[in-house]
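Okay, got some structures for you below.
The following pair of complexes shares a single chain, chain A, combined with chain B in the former and chain C in the latter.
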Partner chain A sequence: MLKALVIDAGKCTGCKQCEMACSLENEGEFNVAKSRIRVFDFHTEARFVPYTCTQCAEAWCQQACPVNAITTDSMGVKVVHENLCVGCKVCTIACPFGTVNYNASTGKVIKCDLCGGKPACADACPTGAITFQDAEQGGFDKMKIWAAQSGNAATHEGPNTPKASQAAGTGH
Partner chain B sequence: MGWTGKILRVNLTNGTVQSEPLNMDWAQQYLGQRGLATKYLAEEIDAKCDPLGPDNKIIFATGPLTGTCASTGGRYSVITKGPLTNAIACSNSGGYFGAELKFAGWDMIIVEGKSPKPVYLSVADDNVELLDAAEIWGTSVWHTDEWIKAKHQDPMLHVATIGVAGENGVLYSAIVNDLHRAAGRSGVGAVMGSKNLKAVAVRGTKGVKVRDGKAFMKATNDGKKVLAENAVTGSGLPMYGTQVLMNAINEAGAMPTRNSREVQFEGAHDISAEAMATPRKSDGEKNLQTNQACFACTIACGRISKIDEKHFTVVNKPQYWHSSGGLEYEAAWALGSNTGINDLEALTYVNFICNEQGLDPISFGATVSAAMELFELGLITTAETGGIDLKFGSAEALVKCVELTGKAEGFGKELGMGSARLCAKYGRPDLSMTVKGQEFPAYDARGIQGMGLTYATSNRGACHLRSYTVSSEMLGIPEKTDPLVTEGKAALVKAFQDATAAVDSSGLCVFTTFAWTLNDIAPQVDAAVSGDWSPEKMLEVGERIWNMERMFNHRAGFTARDDQLPPRLMKEAAKTGPAAGLVSGVDKMLPEYYQLRGWTADGVPTNETLSRLAV
Partner chain C sequence: MNYVILGAGPAGVTAAETLRSVDSQASITLVGGEPEPPYSRMALPYLIYGKIDEGGTYLRQDPTHYDQQRIRYVTGRCGGVDSRAKELYLSGGEVIAYDKMLIATGANPIMPPIPGAHLEGVETCWTLEDARHILKLAEKGSPVVLVGAGFIGSIILEALYLRGCDITVVELAPRMVARMMDETAGGMLGRWCEAKGVRVLTNTRVTNIESGPESGPRLSVGLSNGQRAPADLVVMAVGVRSNTGFLVGSGVKTNTGITVDDYLHTTAPDIYAAGDCCEGVDLSTGKPDMLAIQPVAVEHGRIAALNMAGHRHRHRGSLNMNVLDTIGLISSSFGLWQGAQAGQTAKVVDEGGYKYMKLEFEGDKLVGAQCVGMTDHVGMLRGLIQTGFRMGGWKEKLLAAPERLREAYISVAQGSPTAGPMSPHVNTPRAGFHGGASGH
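On to the complex of A and B.
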């Protein structure tokens, strides 16, 4: 089963535990500036949004890399090979989402590699805003919520149900 | 490891910046943040110095756990001599600024002297510069934050700044970081203003390492589990914030109301957490938009609120129609119950202005409350207020006051002195609900007896965060004590004071102690830094810090006479609620407290005590 990070921004509190877990896993220290996942604080809108690489099936970063330093592993993850990367940054320009970034202290680019199948950010998230799920069922939770609402409307409280019609004085 | 081992020393008079090694002997004795920075301050300044003069220093200090994944490990404190109190000041803040300072490679910044012109300090790792602040002097916290990020083309830097209140010397002006988190109390913002230092902007790209990574992850994960499973930190605080207390404290008859004349507020429910989370009648929206965590915090008690756009406070002011930091319990109480105002939207607006202009809402609200009583007595009239009808319960009056105070215009200039100076000026010093010149927070000393001793003995003036015995007396943490009795409270207050001083020195938030004891915290500290940090060592460090702060105040001229509560709490009994008929028994508790502390009957640490603690 192909798994992917699923982000529910509504649950994010902006604590940055994901950024610290990521930097610890990849850099061996707590250093949010080097995190592969970033939490954005839309302060005036009261929203916090974690954002990272979505592992595109046809990855622009991979196609743009002139030295083939980005490959796809068996889990569909786009992995940067540091020994091949020359730090040209073309991939950072190619990526439409900005999730590949240059690391000045190593002269290489860094991006999320799902920690080899056990993403530290999802483990560290205290609110369930970041989960690691079946990539083909990423919308399952949202579908369930909407299904519950429409199911509810059809059987109990919808405008066209017999109960509602009766209350409105138009039923039989 | 844990500590970066480096201090940034900034001399504003000469315009110089230099790096120096952290005194590691002191780090072992005082841990970090509150304790360690107070040690530096006590060693480096004359305790009798003018807090707003160039001889005072101001220190921004992190703890060893700041910038780690320990839950709430993002705190920093501002340590200086406070202008509101003339005592030691130490104000703690969350947000992201503290962790960023650590990531830039600094345990603390010591700022000394006075700049000849307005400047701000830019710290980007090792690149440290004092830069011209002419364009932001006279502007708000929110504008300054935006301007610096734009100027440096770096949205990821974090800013701690004063608003106009700090520039204008308002004696309870705050230092605000990340727009709405604040080192709020004792007027630390006015010290920055007196030095012509507008802001500190930090950006860090260095990592924080810990002594034993494996032990650290185990200790911090264990700690997070305890927080998540605790009713207060796991559900009460994230859902309702500190405002979860509003109805509970009111029912307990411990809600200071209308300048402490009463202990219960009839409008408490209208300004409570429940009210914030209920759709408004006016527009169907909730005041509370979401909760927010500070750096590394797995509790997330912060409130993000949005004011009804049609409310009188913000009509035609679209700049206040967005979401921002909402009411915490202390602000809701000070601005609301204490002034008799039950208009939730108005309180939220006033809280926004406190953040925008850099005011401590506790001292501001309490000062307005005292002014309202003076107005009722006819000692202040509309001639002094410039036409403001300063009646208890008037949201319009409160709104006018907050708009004038930061700017130090008209009657706002008088309000900016704080309630002790205001009440003295109008001939009724007894009406100032303060200790050592600092206004009480939101717990009445008649309804929660331990808090009376807490306020009386707090080294930074009246404060709930120095020994939050509410935990024990109301919530039963770590064990239930009767809030209405004085017996046993001296020992309770001492235990809370010592433990809290240690927590405040670690980089963690004191709110963790609803769930954690030092048994949970010490393993996290120990895994981060060297020195065999046991709970016992933490407690000893806490006691050492408490006595060091007390000695600073002693040298500054404070005596046992300054450990007294206002006469109202000693003579006027609570009228309603469970504490009806009671006054504060602080006079009964103080002698026992001094004895337990190893102080003389006059409240001075004995030589034996000082040498036992190696102060």
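On to the complex of A and C.
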């Protein structure tokens, strides 16, 4: 059964335990700058929003990679193969969500891979703002959950979907 | 159905795989113009400084991949196409018949008409074979003259630097990457390179290349400033031209690249084109243009293949974008980075810290951006520009403080954090990217 990170920003207190856990799990050090999940701080509003890759079906990063270093595993997760990544960074500009980042100390890119099925961020979150749940609960698959939440996910959207389905904006 | 794809770069390979994914029965032939497995040109710089070996440049690593996909891979140079007989001719005499054909022959580097440009030691950096020559000609400490500091020239610059070469860059324009970024950014890159020991000569032309003295480096490069630069290797990176010479008389119309419609169909029946060789629509201008970058080649390849297979799929345009690492200083540009007419601009500059961000607005939409020295979450710029989100009140905030981009993105693209869309139980339907990260 596919599982997905579910984020409830309303519960986030900005403690950044998720960032610490992520960098320790994946980089072996407490360095939030290398975390694959980031908590954005809305300074003026004192609000916090945890943010990371949702393993989108379109996989813009994967399509842009010139050496096939990003593949989709059996769980639908987009995984970067460090041995193949040349560090060209094209995926970092291709991902329209900005969730693939360059790690200058390794010369490769990093992105969330759900820690291979046991995301450290969800384990570390003390408030339940980040949970790892069955994506198919209640008969919904991952896409349908997104659809319910984002309004139009059921349509297939890629780099070149016709304008009508992508012309977006707030207050349209 | 018998599909033939001419050209085995990212556009051609993506097209072949896409055709297979939608048509399990078809015969698919992929023709590469070089005696190599399909590979990625943009991986060549990493081969030059030893980060990868040749295998690391291959577009697909599994050697049985094409067999498994039942894609027949052959190599040979196409010398001509007969769109009435529906045949193409390889230089070895082989004739390949097609029902539908894709031209994905990419581009070729321009060799400027400089006296001495034919001498041994003058190379382009475009093919695996070129890279092998460069590896032979330039060692650690070798003097190298790089002609051209555009986007690709600058990528080659980094590779030669990391290989340990002693580099002089000669650029006709007043700054580096003049067609990717503005004076501020180009100036930063130039100063950065000079601080690393690279000689950067802007507003300078190569006048001639001669054999060097008996005892010294192989070549001597004459410059418009009156000086001469010694060189074991001269690398030409002054621009590219679409690879379409073999189409003369074929009925396939070409301009600077192959002319295509919104479905990537050419002017000849059942012939499509994709990637560097064609003029697809630029999303920012709505006009045809040669956007010679990897992500566009893949987009074209996929869309052209869907159309070839009868799945009508309109290409609404590709976004021009580049990311560049110049010896550790990373820069990127997106869309209308020069700004829109009557548009508004927001920028933050830190000359000493080599940091720069400039945002270009048209109305309340973000239409272009440039960054130097920042890499985290830069993809959000693509997201905002490509989607054409209305920034609403965030535009004023960004004009005052462009560094609040991430907050703006989350608010605009993902919904305000106070509203439903960020929680698992949501009410307000909204358009935009589905699935985009948090809260969904």
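Keep this in mind: the second predicted complex is superposed on the first by the 135 of 172 C-alpha atoms of A that agree within 3 Å, B and C clash if a C-alpha of one lies under 4 Å from a C-alpha of the other, contacts with A are read in each partner's own complex, and residues count from 1 in each chain.
Everything that follows uses one rule, which is that a residue touches a chain if its C-beta (ideal position, glycine included) is under 8 Å from a C-beta of that chain, and two chains touch if they have at least 3 such contacts.
Everything numeric in this text was worked out from a predicted model, so none of it was measured.
Using the contact criterion defined above for the overlaid structures, shared-chain residue A:Arg47 touches chain B and also reaches chain C. In the superposed model, A:Lys34 makes contact with chain B only, not with chain C.
In the superposition on chain A, the chain among chain B and chain C reaching more residues of chain A is C. In the superposition on chain A, contact of A:Pro126 is made with chain B only, not with chain C. Judged by the touch definition given at the top, the superposed model places A:Pro96 against chain C, while chain B stays out of reach. Touch criterion met: A:Thr13 reaches chain B, while chain C stays clear of it.
Looking at the shared chain after the overlay, A:Ala21 reaches chain B, while chain C stays out of its contact range.
Contacts of A:Ala64 after superposition on the shared chain: chain C is touched, whereas chain B is not. When the two complexes are overlaid on their common chain A, residue A:Gly107 makes contact with chain C while staying clear of chain B. By the touch criterion stated above, A:Leu84 is placed in contact with chain C alone, chain B being left untouched. Shared contact residues on chain A (touching chain B in one structure, chain C in the other): 33, 43, 45, 47-48.
Put simply, chain B touches chain A in their complex at residues 67-69, 96, 99, 103, 156, 179, 204-210, 213, 224, 228, 238, 289-298, 300, 304, 306, 322-324.
Within the complex, the chain A residues that touch chain C are 6-10, 33, 38, 40, 42-43, 45, 47-54, 56-57, 63-64, 66-68, 84, 86-90, 92-102, 104, 107, 143, 145-155, 157, 159-163, 165-172.
Only residues 13-17, 20-21, 23-24, 27-34, 43-48, 105, 124, 126-127 of chain A touch chain B when the two sit together in their complex.
On the side of chain C, the complex with chain A involves touching residues 10, 14, 40, 42-43, 46, 51-52, 56-61, 294-295, 298-299, 302-303, 313-318, 321-323, 325, 328, 330, 332, 334, 375-383, 386-390, 392, 406-407, 409-410, 412-415, 417-418, 421-424, 426, 428-440.
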